[in-house]
């Protein structure tokens, strides 16, 4: 074991750096899904569409701004703004006109409504943005690279992936934790998550909270997409890939748990990058293996609380 | 169960007669009012980056042909079907195209899986089937199909030509890493490369074999590993969004300064990459149809095609457009040949199929001959990425043309067996500079 | 409604046969629809217990690959079909022992994880499975009878129809039995079952194994019909499709899966024929319309038309 | 009346800081009707939960017919002949009342045969019979989630009775039942139980019911048994009156338990 570390310790260090940035992105998408699931109890498949629309919009808005001659430094704020814009427009539309009609229905029906929406939005994306890869990497290029020393050599990392992505993820985590614990609205969201019946019995205006949470969750999905757009080329189908990983995070993290989502994202991000170094064929299944192992030990998810059933 | 069987027998007996006419194709054929082609291509999902441009090319060419009076006087109508939903759906769609729409020929498909599933069906349905883009070597090496013809090259020459180019231009390489999409083409193209490399230059060490999930949007970890390993060559047959993402993430982190990329399918992504594509790396086009081809067979025809496409769709055609065009031209040539053979009479499905065997048809850049096994011989041009003032994106320089016959496995041989017989002498003898 | 169910079934079967005779290409589509309907009965079973599996495409793919792998050795459809069902049942027992410990989202997502691992295996074990290219299945004898293509296709169609009939009848008996009622009890009052001496997990497990078996059977029929199997059969969207069909058809009666499967396949075929690049949108919209305006799915609509209750 | 059916000795159970059971010793005699009274939070339901296997005591043991049952699962305990009803009725909400009871009958007969309805068509008849005895025939085909509180309560008990237990534990069987119907219902219930020779332990807040139907009464207070004996004796105890009945009888009367 010690020998192994001597040989591979440095590689493990590199894997750690890579894992952090991918964990950051996974977290941003998954935490939004988890919040929505916690409050609305809807497994929102269309979360993946919001991710894709967020990514496409950020790239389009960025390209448009660049064509107008907006300075390069603005590309980062533009990413954040476009994500907020997408979430604020698309989120309420979906919640008001679609989800609101089905809150009384069974969970599976709700899930399928979002699945249907996901299918519709897949084609909408194609109609709006076409099928050719779209990319706009101003934000990544703007920040340049940093050389990380490695065994007498050096490895360039982009500052964007090494610092910005994990940084925004951490800021989001801290901000969310503060919001949920220290503000009234946040506490109401927590109350609805942990005991919906009691919360509504206490006179909480569920419809307002649902709208707020869904919009917020949509913004987070769009933010994940927007932040991925400087490094990834956008093509049809990116939403489907993202959502299925987020599902795994949510189930592993536990109902509505943001810290759980953070820890799970970290485990999955690191697990995958370690796999790429040492057993690349396992990379795809790592998230599911983590999920199964965690649920074996903690059936309610990493940070989930057992729902007490009174008899 | 007895019920089932008696029912089956009743059904088979009762309705067998109804079924028969649909499958009998030797009966005399009347000249149709229009010639329908069933075209399967990706209209959804990641591979629609190929499917949609090829569909446009098809529509454009059909418009041109119809404006000029159609094929042998018959106007052409394409019917498009999406490959995206998967094999079981596509197999049903092929049946619908043949049995309900009554298409006269099938153009299919982009995905190897689709081709492998539908080619046997085309024989069962006795319908001419032009494999217009898929590259799998398995089709004609593992079976014999009377009605199927591939009007372009396939995986073996498309991988072997870039390898020969690499070994000629960089004879000293010692290490290679692969990063391919995790699906059949990614695996097959690596097996072909590895087998050929071991025969042509034994002793090259493979330092990393990475097959990230199909549809990945981040290769940072793979790139870090490649940066640390410093292989002489990074080989990738990825395409679409994944190739664009990989190149951009890799160049930003200066991987291209440490290694030589060999990208046999790069052509389709170069326009999107624009200036992000680094210079000095080996690029292929699954054929010979580069926009800066220095000596096409018919420059006027070549420019006419490229310009018409650019004018209509505001972008350069990519290789799937050329492959689609090759299928259309092959069809035109074969139908005219078959009609001529019947002195103006209209050919049956079997007669049309017969016209394809051994057919040589012109393309703007060269000619393509369909071998006796149905495989088309399309020349390959490989070059080194560079920029010139005529194009806002990378194009090859120092191009070498590899005639198809030199880099394809002979009829009746499996690619992997044939590749093992190659000798290092081929590196110098194959191809010519253009 | 219960009383006219058999008549409705006969009418449906008559319509299917008539359509298959009238349009040869439809016979293929309908065989696939029957196969999927059989698999969806498994989803229906689990829905009774209030559980949604987002991974049952695993069993379809398992059944399909069982046929593909064994066809060269055991070239007889009449042998392969039960083999696929038993194999899928055994796999279902193995996985079921684990996943039936979980409920709701955990149940759904663990199933998803299992199917995605299987999907990855099919892709990764390239030497064995030919990856995404898939494996071809040749026309084979049925019960020792060598058949030409047309007779073979009719035979598989007939087997699918007969199996659909027989299994629907069995499912109906099962659901009306105490076992079936106990299964439905898991949905609303699982703890009470324990206090009545009924092992709830055992009840769910047996339903899970049955659902795996019909999944394997459906998959085997798909393989025998499309005669080419690819890993896409196991992808999560295929699992989503099964739940989609279950809800489209309606969970109220055993005919629901078949009505749903036929409607699904026909909509898809006609949407693809008329709007090749927007079929997803049309399917999604159809599902939304059914959920929003016809609760209870097609079965519910039929039930209302006849004037009875959906259940 | 002298044979001990259930014996609890030294039961202790604490949740966090709360002692729900703090040394419970109790013998339930075969054939008796034992009422449990006491203020909310005294640990009455906890006793039932421990006896039926839902909760495991931290210490002490419960023996049924001389056999130790602490640590056994609810399922195993039911098989021994101990059934219970619930303070919050636990019905299968999407089933009809008849299906609910029939399921309990089937559970007793053995659920594993999917062919049971063909082989033993009797379970539906038995369910209908039980419903009749409980006066629930009129609502036999109503879905359980459409019932009022009183009917739900009765259906809940009917399900427990359908299991043909020898010991039945009932958690507030009359709460939520309209005052006007209460006595009739309890009378019906008691007759059913006496006919079937069922020993019953029931948590009860209505002292009229206790006085009229209980053979003995146990007074729970802070996880302990404060008093035990015939109702006339115990209810006359001033301490009990002050601590338990005083609270119970007047303000809390008929307070529905959510």
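Going in written order, the chains are labelled A, B, C and D, and every chain counts its residues from 1.
Basically, a contact is a pair of C-beta atoms (placed from the backbone, for glycine too) under 8 Å apart; a residue touches a chain by one contact, two chains touch by 3 or more.
Since we're looking at a predicted model, the values are computed, not measured.
Participant: Can you give the shortest number of steps from chain B to chain D, where adjacent chains in the path must touch?
Facilitator: 2
Participant: Just to be sure I understand: the centre of a chain is the mean of its C-alpha atoms, right? Then which chain's centre is nearest the mean of all of them?
Facilitator: C
Participant: State the chain with the largest centre-to-centre distance from chain D, centres being mean CA positions.
Facilitator: When every chain centre is compared against chain D, the largest gap points to B.
Participant: How many angstrom between the C-alpha centroids of chain D and chain A?
Facilitator: Measuring from centre to centre gives 49 Å for this pair.
Participant: In whole angstrom, how far does the Cα centroid of chain A sit from the Cα centroid of chain C?
Facilitator: 32
Participant: So, what's the distance in Å between the C-alpha centres of chain B and chain A?
Facilitator: Computed from C-alpha means, the inter-chain centre distance equals 37 Å.
Participant: Taking the mean of the C-alpha atoms as each chain's centre, how many Å separate chain C from chain D?
Facilitator: Chain centroid spacing, chain C to chain D, equals 44 Å.
Participant: By residue number and range, which residues of chain B touch two or more other chains?
Facilitator: 44, 52, 182, 211
Participant: Multi-chain contacts only, two chains or more: what residues does chain C have there?
Facilitator: In chain C, 123-124, 191, 277, 280 touch at least two other chains.
Participant: Identify all positions of chain A at which a residue touches two or more other chains, and write them in rising order.
Facilitator: 122-123, 126, 240, 281, 284, 311
Participant: Tell me, which parts of chain C touch chain B in their complex?
Facilitator: 17, 21, 23-26, 28-29, 32, 123-124, 126, 130-134, 136, 143, 149-151, 154-155, 157-159, 161-162, 222, 225-230, 232-233, 238, 265, 268-269, 272-273, 276-277, 279-280
Participant: Help me check something: in the complex, which residues belonging to chain B touch chain C?
Facilitator: Residues 1, 3-5, 7-8, 11-12, 15-16, 18-20, 22-23, 43-44, 52, 80-82, 85-89, 91-93, 95-96, 98-100, 111-113, 116-117, 120-121, 124, 136, 138, 182-184, 187-188, 211, 214.
Participant: Could you please specify the touching residues of chain B with respect to chain A in the complex?
Facilitator: Chain B residues touching chain A: 44-46, 48-49, 51-53, 182, 208-213, 215-218, 220-222, 224-225, 227-228, 230, 240-242, 244-245, 248-249, 252-254, 269, 272, 276, 315.
Participant: What does chain A use to touch chain B in their complex?
Facilitator: It is residues 11, 14-15, 17-19, 21-22, 25, 122-123, 126, 130-133, 135, 137, 140-141, 145, 150-151, 153, 155-158, 161, 228, 231-238, 240-242, 272-273, 276-277, 280-281, 283-284 of chain A that touch chain B.
Participant: Over in the complex, which chain C residues touch chain D? Could you list them?
Facilitator: 173-174, 176-182, 184-185, 187-189, 191-199, 203
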